[in-house]
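Two complexes are shown next, each including subunit A; its partner changes from subunit B in the first to subunit C in the second.
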Partner chain A sequence: MFWFGISFLAVVVLVALIGPAVTHSPFEKVGTPFAPTGSQFWLGTDEQGRDIFARLAYGARISLGIGLTVQALALVVGITLGTLGVYGPNWIRVPILRFTDAMFAFPDVLLAILIIGVWSTTNQAQSILAVIASLAITAWPSVVRLVRAQVATYKDREFVLASQALGASTFYSVTRHVLPHLGGIILAVSMVDLAGIILAESALSFLGIGVQPPIPSWGSMINQARLDMASHPVNLVWPCLVLSLTIFSLNFLGDGLRALSDPKSQGRS
Partner chain B sequence: MSILGNIPDALRLFRAISIRLAYGVLSLIFVSFVTFLASELAPGDVVDLIAGEKATVETKARIRHDMGLDRPWYTRYGEFLVGATQLDFGKSYVGTKEPVKDSIMRTLPMTMRVAFWAMLLAASIGITLGTLAAIWENRWIDKWVLGLSTLGVTIPNFVLAPILVLIFALQLDRLPTTWEENRVASDFYYLVLPVVILSLRPMATLTRLARASMIDTLHQEFIRLAQAKGVPPVRLYLRHGLRNSILPVVTAIGTSFGFLLTGSFIVETAFALPGIGRLAIESIQKRDIPTIQATTLVAGVLFILVNLLVDIFQPILDPRIRESQV
Partner chain C sequence: MPVISVRGLKVKFGSTQILRGVDFDLEAGQTLGVVGESGCGKSMTGLTLMGMVPHPGHVEGSIRLEGRELLGLPEREWRNLRGDQIAMVMQDPFSSLNPVMRVGDQIAEVYQVHSAMSYRQAHAKAVEMIGHVGIPDPERSARKFPHEMSGGQRQRIVIGCAFAGRPKALIADEPTTALDVTIQAQILELLGQLQAECKTAVMLISHDIGVIGEVAHRMAVFYAGKIVETGPTERVLRSPQHPYTRALLAALPSPEKDTLESIPGQPPRFEELESGCSFAPRCPFRFEKCQVEPELMVAEPEHSKACWLDSQN
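On to the complex of A and B.
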């Protein structure tokens, strides 16, 4: 399953990178509506005669792009605040931790929906920025919790104390001795978080408040195909399959990486 | 040891609950403030939206004054808060300018109804499956439960909704596709798909957690002792096992409720259910800020209240937590 996850993700990344270049335009009508699967349109065309494969490929670029950007932002904020939450002076440490706790008062992506709701726009480029901003604001608190808990377990370990006893500054011992230990767990959790962000992005697009048309997104493709599913159910199947398998693969990858970084967790939860 | 058996115990419990209540109130204030802030930071001028393009400067000034927008933010936050406690969020910016309270009151019952049944379904099936899987750890039932719960966590509900409609409504023709004003069958047929789809993700989470927690419990010494004493299996698993393993699951019910709330946005959109999630999405598309604020705040408050309730029940359920919360 771990290897299935890696191979599927590799295919998705490859298709996202070169797919849109080698097929038809994902934005324009290139054939008759609802053309069947064939050599010209690999997965057929949608209700407007647009190439479904090209749209899935471009949608992969959008989903992965948004997912990676949001996760990168969340990691930068989360690692900084999480470390300050352990090593910072009290007047910085306590507000950070309280504020992080308070952010959990919002369930799941409700805050993202509020932010999008207030800044909603039909401008295509801005809609992507709005999705990235709202999901990043929703994503960072869980990273802070993870990093803080992990950094706290290393704070009083011998090798960290030793480096400080040898005269290393706090900044040096944190960046050189503590944070490198977090690499494995952060990578593993990031995969699962990435799955959550891609899921949230697709959900927003499904609801019509995420990435705006005609930019293809897996979520909006599902919502579109839903309208014609009585007559053309196959068009619904493709985006559903690609999205589910991507989420699936990222979760397996995350579980696999976690098992590698922490042998004790195997077989549990 | 009974809950009110001796005075210090009851005091301790009271203290723990008061602290938790205070945190709950702080959370409510935070959520309401962020919700208020969102409209303050919204781009564009509300007055332009309401007065229209051709309004004169005097008309705009009058509207601004009538809406209280010329007063400082803390006065308006105070009023927002006081209004919110009475579910008064002013009037909608668009359409019939209906008071937001009315549209909330109209849509909230549907959301609560679906959420309640979904949570009940998720908790009962999740705990049962998780416990069974833990009892037969690593046997076929365990592997099936784990596999299915992985599917439940990973398959998004907006993927499941159209696919299940395709199968049960369009192919088998057993269920209606969406909610309708004039229903030909009992509500059960209209709500069964939404409830099941909404419950799957929390169900999967609770199953995994119930399994992990039960496995931890069953590996402890007192279980082996009970087995050696010849406690019959049903009593062993229910009284000795489940009672000790249920607490993390109860906590998770609170967190899962959050996924249920945001999930209801999707399910209500997919099945055209007149609930608060669909109201929220429609008001976002119409840029109707008072309704967006109200729906967010109501969902946020429900989430906080459910978690508060769960946390207050915990020390009552478990003496170990009562002891530790001094």
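On to the complex of A and C.
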């Protein structure tokens, strides 16, 4: 399953990178509405006559791009705060941890909807920024928890003390001796987090408050295809299938990486 | 002038005193052996000399490095001293090296931290040091990870890290305890060789009196956060003055003995210390005077003990 995950994600990334360039424009009407699957339109056209394959490929760019950006932001904030949550002086350590706990009390998607609602966007580029910001704000607390727990276990390990006994500053010993150990577990957890973020982005777009048309997103494509579900169910299948398989794949990849980074499991996944 | 001079050193955690007034000197090129049971304050003394007492600990007294008072220095100045003037070898070579870092880089780190050396220069010095601590094929060994080395080799790397800065004082906290007996002798020999080269003053913490007797010029016996006997190693071992030292020596195994002697009772818990001599509850020779705590007093030239027995006072 690990290899299925890697292969499928590789295909998605490849299609996202070169797909929109080799097919039709994802934004414009290029054929008759509801054209069937064929050599001209690989997955047919939607209700406005736009190429579904091109829209899925462009949507992959949006979904993966937003997902990776959000996870990167969450990692930067989470690793910084998580490390400060162990090494920081009390007046900064305690507020960080309490604030992180408080963030867990909010339901993620509701908080994201609230943030988007407050941030009134005027154009499509801003709508993407608003989605990124709202998802990033809900994504970092879990990273803080993970990093804090991991850093705390390494803080008193003898080799960390030994490096300090040889004159290394706290910053140096944390960046050279503590954080490198977190690489494996952070990578593994990031894959699962990424799946959650992509799903959340699709949910926002499905509700119509995420990425704004005409920019395609998997979520908004599902929402539109839903209207013609009775007459053209196949159009609904494609975005749903791609979204589900992407999320499955990321979870498989996360599990596999976790097994690899844990020596006790001997690389079984 | 001694390299390190410790006077009236006390360490408190809240109301619990871990060190209760310790005095000793470390002389250049000489080794002070420190013995005592677990929890008697040996390791805490080492950490205090490194300025690394864990958080709520409070340190009093005086630690002078070549006449310069170290207690009260800001952390930044301590950091410059550590690894450069005072270094430490920890007990367990299996955990005191970073498992995901090549050993050459770990030694190079010391050079990079203390002198503005490029990575290339520092790495070249590290390879040189790896050869110097007696590991074959230093070029290739520098690229190894700790798990690819044996315990003895790892401890050689740890010692290489400690001597990379040619320190004036070295604290070796049980450097051979985790190793095979056959390797122990080699590691002690390496320590002695580097010590002679750098004229380093060494404080060798061990609960193995055999090790201390072999390499230490002077020794100090710790009990419940105090030194109860100190003097030249030979004299302390030949004519121990404190009942605790005698009991420790009697507890050593030897081929002539059928059974091992033990010291009845437990060392006192620090929070339960009563007034008077802290060893008195376990001492077979205790008498009325032991209700007053004895300070170190001269038993014979250079040899002191903290015990009222056979004393003139």
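By our rule, the second predicted complex is superposed on the first by the 260 of 269 C-alpha atoms of A that agree within 3 Å, B and C clash if a C-alpha of one lies under 4 Å from a C-alpha of the other, contacts with A are read in each partner's own complex, and residues count from 1 in each chain.
Just so it is clear, a residue touches a chain if its C-beta (ideal position, glycine included) is under 8 Å from a C-beta of that chain, and two chains touch if they have at least 3 such contacts.
Values in this document were obtained by computation on a predicted structure and should not be read as measured data.
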Based on the superposition on subunit A, does the combination of subunit B and subunit C result in a clash or a fit?
fit
So in the superposed three-chain picture, is A:Ile116 touching just subunit B, just subunit C, both, or none of them (first/second/both/neither)?
first
On the A-aligned overlay, A:Trp140 touches which partner chain: subunit B = first, subunit C = second, or both, or neither?
neither
Just subunit B (first), just subunit C (second), both, or neither: which does A:Ala162 touch?
second
Does the superposition put A:His177 against subunit B (first), subunit C (second), both, or neither?
second
After the superposition on A, what does A:Leu243 contact: first (subunit B), second (subunit C), both or neither?
first
When both partners are placed on the shared chain, which of subunit B and subunit C touches more of subunit A
B
Could you state the shortest Cα distance, in Å, between subunit B and subunit C after the structures are superposed?
22
Across the complex, what residues on subunit A touch subunit B?
102, 105-111, 113-120, 195, 199, 202-203, 206-209, 219, 222-223, 225-226, 229-230, 233, 236, 240, 243-244, 247-248, 251, 268-269
What residues of subunit C sit close enough to touch subunit A in their complex?
50, 52, 79-84, 87-88, 90, 92, 95-101, 109-110, 113-114, 158, 161-162, 164-165
Contact set on subunit B toward subunit A in their complex:
26-28, 30-31, 34-35, 38-39, 41-43, 150, 153-156, 158-159, 162-163, 165-166, 170, 208-209, 211-212, 215, 257-259, 261-262, 265-266, 269-270, 280-281, 283-285, 287, 289, 292-293, 296, 299-300, 303-304
If you look only at subunit A, which of its residues touch subunit C in the complex?
157-169, 172, 176-177, 180-181
